[in-house]
Amino acid sequence: MSQSLYLQVVNLLSALLLLIAFAMLSQRRVVGLITLFAWQGLALALSTTIVAYSTGQHHLYYSAALTVGLKVIAMPWFFFRLIRQLDAHREVETLFNVPTTMLVGIVLVVFAFNLAQPISQMSGTVTRSILGIAMASVLLSFLMMITRTKAIPQVIGFLAMENGLFLAATSATYGMPLVVELGVALDVLVGVLILGIFFFHIRETFDSLDLKHMESLKER
Amino acid sequence: MTIGILIQIAQTLLAVLLAPLLMGWVNQCRAWLQGRSAPPILQPYRTLIKLFHKDAIVAHGATPLLRFAPYVFFGCMALAAGIVPMVANDLPFSPAADVIALVGVFALARVFMALAAMDIGTSFGTLGARREMLVAFLAEPALLMVVFTASFVANSTQLTTIVEALAHRAFAIYPSLAFAGVAFWMVAMAENARIPVDNPTTHLELTMIHEAMILEYSGRHLALIEWAVALKLFTYSALGLALFMPWGIAETGNFAAMPLAVLALLVKLAAGGFALATIETFLAKWRLFRVPEFLGTAFLLGVLAMLVHLLLEV
Amino acid sequence: MEFYWLLGIPLVGSLMLAAMGSHRRAPEVNAAFSFATFLAAAWLTARIVAEGPRVVGAAWFFIDSFNVFLVALTAFVAFTTALFSRPYMRIEQEHGKLTPQRLRMFHASYQLFIFAMLLALTTNNMGILWVAMEGATLATVLLVSLYRTPASLEAAWKYFILCGVGIAQALFGTILLYFAAEKLLGEGGMALSWVHLNEVKTDLDPVVLQLAFVFLLVGYGTKVGLAPLHNWLPDAHAEGPTPVSAVLSGLLLNVALYAVMRCKVLVDGALGTELAGNLMMGFGLLSVVVAAFLIKRQTDVKRMFAYSSIEHMGLVTFAFGMGGAVASFAGLLHMTMHSLTKSAIFFAVGHATQSAGTQVMDGIRGLIKTNPTIGWGLMLGTLAILGMPPFGVFASEFLIITTAMHEHPWATPFLLTALGVAFAAIFGRVQPMVFGETELKRLPYQPALAPVFIHLVLVLMLGLFIPPYLADWYRQAAQLLGG
C-alpha cells in the first residue's frame, strides 16, 4: 500500500474516533457508553498500529498494545464488573438535553478545528491535521464530563479525553517517547484502580453513584 | 447525443419498472428476518395491478388538487430517477438539475402530497400532513449538508460530475464521506417513512405519518402513490449508491460497461435492501417527539462531515 | 550520588511503610525517612550551590538553582510535616477517626507523594514532569478521603476529577510542545528534554508554542489553584487530614507553579513577546481578588486558610508573570515564605480543631487560655501570613507590590484592596479564636508544636535578614526565570 493510503486510513480512523466521541455525548445508557468507549479505544489502537507500521516507529506497537490491553479489554471489563456489582445499570442522567449538548459539541469542534488550522498548515508530519480532531475529541469528552451527573459516565468521559490525547500523541506527532507513554499509561491505570476503590467508598457512604448527593461543599 | 437520450430513457424506465421489485425484496427480507413466511417478491406489482383495475373514488368537496397530486408525485419521482446516475454517467437530462435541485424536486412532491392530504379537511389527513412537514423540515437541511459535503469533495454540484470524480478518480478514503453516509442513511429513513421514524406497515392511526396522508386515496390514484413511494425508495437508494458507493457505474462513452453496470446496480440494491430490512428489524419505531433528535443527529453528522472535509481533505 | 539518595529514600520509604503495615513505630519510621530525604536534599543543595547547575543520570535529570531551592524547601517542609503528623495522626486514631489500615495508607502515600514531587522537580523531561505531577495527584487522592466522611469523599472526588481534567490539558500542551520540538531536536526522548529545549527555544514555532502554553497554563494552573480553576482546592484542604492540607498547600502548589515556570521560560524564548507573562499576571490577579473576597464568607477554619493559599499563589503567579529580576526574586521569596508559614498555620489549626472538636470557627474560642502554645502559634502564624512586619512575608509582599506599582500601576489598587480585604477577614476571624471566652478544655496531651515554631522562626529570621548566600542563590534562580 502506498504511504498516502496509510494516511487516509489513519485519517478515517481518527474521524471515527471523533464520531464515537459524539455518539458518547448522545448515549443515554451506561452500558452503551462503556461499549462505545471500548470501540473508541480500538479505533485509537488501530490508527496507532498503522502509524507504527507505515513509519517504522516500533515503539508505537507497544503503545497500541497498551491501548488494546488497557482501554479495549481491561477497563471496559472492569467497568462492566463494577456496574454489575454496584447495580448501577440505570440510565445516564444529563444536565442538559441531548440536542443542546450536541449543538454545543459542534461549536466546540468548529472551535478546535479553527485553533488547529494554523498548525495544520505548517509543514511537518503528514498526519498533522489530526491534531484538530484530537483537540476536538478532547473538548467533546470534556463537555461530556461536565454534563453528566453520575460518577461512572464522568470517569468514562475522563478516559475518553485521554483517548483524544493519545491520538494527538501517536498520530499527530508519531508518538511521544516511550518512557513518557509508559508513564502516562501507568498513571491512567493507577488512576482507574484508585477510582474503583473510590466508587465503592462513594457507594458505601451515599448508597448511590449519583453525584447529586455530593454537592454539600459548595461555596455559599 | 441520441445514444445518450436512449440511455436516459432506458435508465428511467429501468428505475420505474424495478422500483416495486425493490419494495418486494425489502418486504421479503424483513419477513425472513422476522421469521414470518414471506409474501411473493412480485406482490407489489400485483397490488399495483389490482389497484389500477379498481375505481378511484374521490370524496365530496375535493378540489382537483386531490386528483392532480398523485400525478405530480409520480412525475417528480420519475424525474428524480432520471437525474440520479444509476447505470451510466452520460445522461443528457442530468444537467437540467444538480443535487440541490434534486432536493427541490423531492420537496415539490412532498408539498403537493401534503396539500392534497389537507384538501378534504379530515383530521387524519391534516395530522399526517403536519407530521410529514415536520419531518421534512428537519430532514432537508441534513440532506443538503450531505450533498454539500459530496459536492465539496468533487468540487461540483452536478451529480454526474460527482460520480465521475468519486468512481473513476484514483482510489482515496474520505472520512467526511463516511460521516455523510451515516447522515444520509438517517435522512433516507425519515424521508421514506421507514423505521425508526415511521412504520410503513402500520395501521395504527395515531402513530403513522405517511399512511395518514393517503387514507383518502383509492384506485389508480393510490396505485400511483404506492408506485411513486417505491420509486422514491429506489431513487434514494440509487442516490446513496451514487454518492457513497459509485463503483460500477459506467464511464461516459463506455457502452461496453453498461451490462456490468446494471448487474452492479442490482447487486448493490439487493445488498442495500437486505441491510435496510436488517436495520428495520433491529430497531423499534421511535416516538414522534424523538424524531427531531434523530434528524438533529443526522444534521449534526452532516455538518461534522463538512468540517472534517475542510480540516482533513483540503 | 546524593541525587539518587534524594529520590531513592522516599521511594524505598513508601514501599517499606506499605510493607510494615500498621506497625506501632510506623510514624517514627516515616519521620526518619523524611529526615533522611531532607539530609540528601541539603547535601545536594550544598553541591549545586558550590558547583553550579548540572545534568544527572544520562540527561534524565537536571538540577539548577531554581529547582534545587524548591527541592530543599520541599524536603524540609515534608520533614517537619512528618514530625507533626507523628503525634497528630496518633491522636486522630485514638479519637476513632482512623483505623490502623488507613494510617498505613497514609504513611505509604505520604512518602510516595514526596517522591513524586521530588521527581517532578528534578526531572529534565517535560513528559516525565507531567507523569510525576499526575502521580502526585493520585498519591494524595486517597489521602484527602482518608476519613471516609461524605464530605471528604466529595472533596476527593472533586480533587480527582478537576485535577485530572486539568492535568489532561497539560498533557495536550506537552504534546504540542513535543510536536514543535521534534522538528528541531528529532524524535525520541531528547525532544522533551528541558535543557535541550532551552538551547533551541528561540527557534521553536511560535504558533504552536502559544497554543501549547495556554493548555499548559490551564492544566498546571488548575493544580496551582488559580481562579477560576480553584474549586477543588478549598474542599481538598478542608476535608483531608491536617498534615495533608499542610503539604498540599505548602508544597504541591509550589511544584505545580514550578512546572508552569519551566514552560514559561521556553515560551518566552520562542515568542519573544509578553504573552505568557501577561496571561500569568491575569490569572494571578484574578486569583488574588477572587480568593480575598471568598475568604470573608468562610466559616470553616481550614477552608479559610485554603483560600488564603489561593490568594498567595495568585500573588506569586502575578510576580512571576511580571518577570524581571526583582519580581522573580520576590516571587521566589514569597513562595518560600508562604510554604513555611502556611504549613505552620495548618499545624496549629490542626491541634486547635482537635481541641475544639470542630473545624467551624465559631466553635473554636479562647485558645490562648486553654492551650497557650497553640494559641500563640496560630496568632503569630496568622500575623505572618497577613504580611505583618517583621515576618518574611512582609518583605516579599512589599517587593511584589512596589514592583507592581512601578511596572504595572493599574494592578496595584486590585492587589492592595484584595490584601486589605483578606487581612480584615482573616484577622477578624482568628482574633476571637485565640482570645475569646471559652469553656473548652485543655488538650489532654502534648501537642507537636515544635514544627510550628521552627517554621515561624525561619520566617521571622528571613524577614529580618536574608543571609547573603541565600540572597545570592535566589538571585541566581531569578536569573534563570528570565530576570
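Chains: A, B and C, in written order; residue numbering restarts at 1 for each.
Note that contacts are C-beta pairs under 8 Å (C-beta built on N, C-alpha and C of every residue); 3 or more make two chains touch, one makes a residue touch a chain.
Quick caveat, the model's predicted, so the values are computed rather than measured.
S.K.: Measuring centre to centre with C-alpha atoms, which chain is farthest from chain C?
M.R.: Centre of mass proxy via C-alpha means gives B as farthest from chain C.
S.K.: State which chain is most central when centres are taken as means of Cα atoms.
M.R.: The chain sitting closest to the overall C-alpha centre is A.
S.K.: Would you mind pulling out the distance in Å between where the CA atoms of chain A average out and where those of chain C do?
M.R.: Here the centre of chain C sits 31 Å away from the centre of chain A.
S.K.: Could you put a whole-Å number on the gap between the CA centroids of chain B and chain C?
M.R.: Using C-alpha averages as centres, the distance is 65 Å.
S.K.: With chain centres taken as the means of their Cα atoms, state the distance from chain A to chain B in Å.
M.R.: Result: the chain centres lie 37 Å from each other.
S.K.: Pull out every residue in chain A that's touching 2 or more other chains.
M.R.: Counting only residues that touch two or more other chains, chain A contributes none.
S.K.: Where in chain B do residues touch two or more other chains at once?
M.R.: Not one residue of chain B touches more than one other chain, so the list is empty.
S.K.: I need the residues of chain C touching at least two other chains; which ones are they?
M.R.: Residues of chain C touching two or more partner chains: there are none.
S.K.: Sort out for me which residues of chain B touch chain A in the complex.
M.R.: 171-173, 175-176, 178-179, 182, 292-293, 296-297, 300-301, 303-304, 307-308, 310-313
S.K.: Given the complex with chain B, which residues does chain A contribute to the contact?
M.R.: So the residues of chain A in touch with chain B come to 4-5, 8-9, 11-12, 14-16, 18-19, 22, 26, 98-99, 102-103, 105-106, 109-110, 113, 116-117, 120, 129-130, 132-133.
S.K.: Would you tell me which residues of chain C are touching chain A in their complex?
M.R.: 125, 127-128, 130-131, 134-135, 138, 141-142, 145, 148-151, 153-158, 160-161, 164-165, 168-169, 171-172, 174-176, 178-179, 182-183, 187-189, 191-192, 205, 207-208, 211, 234-235, 238-239, 294, 297
S.K.: Would you mind writing out the residues of chain A in touch with chain C in their complex?
M.R.: 57, 115, 118-119, 122, 124, 131, 134-135, 138, 142, 145, 151, 154, 158, 161-162, 165, 168-169, 172-177, 179-180, 183-184, 186-187, 190-191, 194-195, 197-198, 201-202, 204-206, 211, 213-217, 219-220
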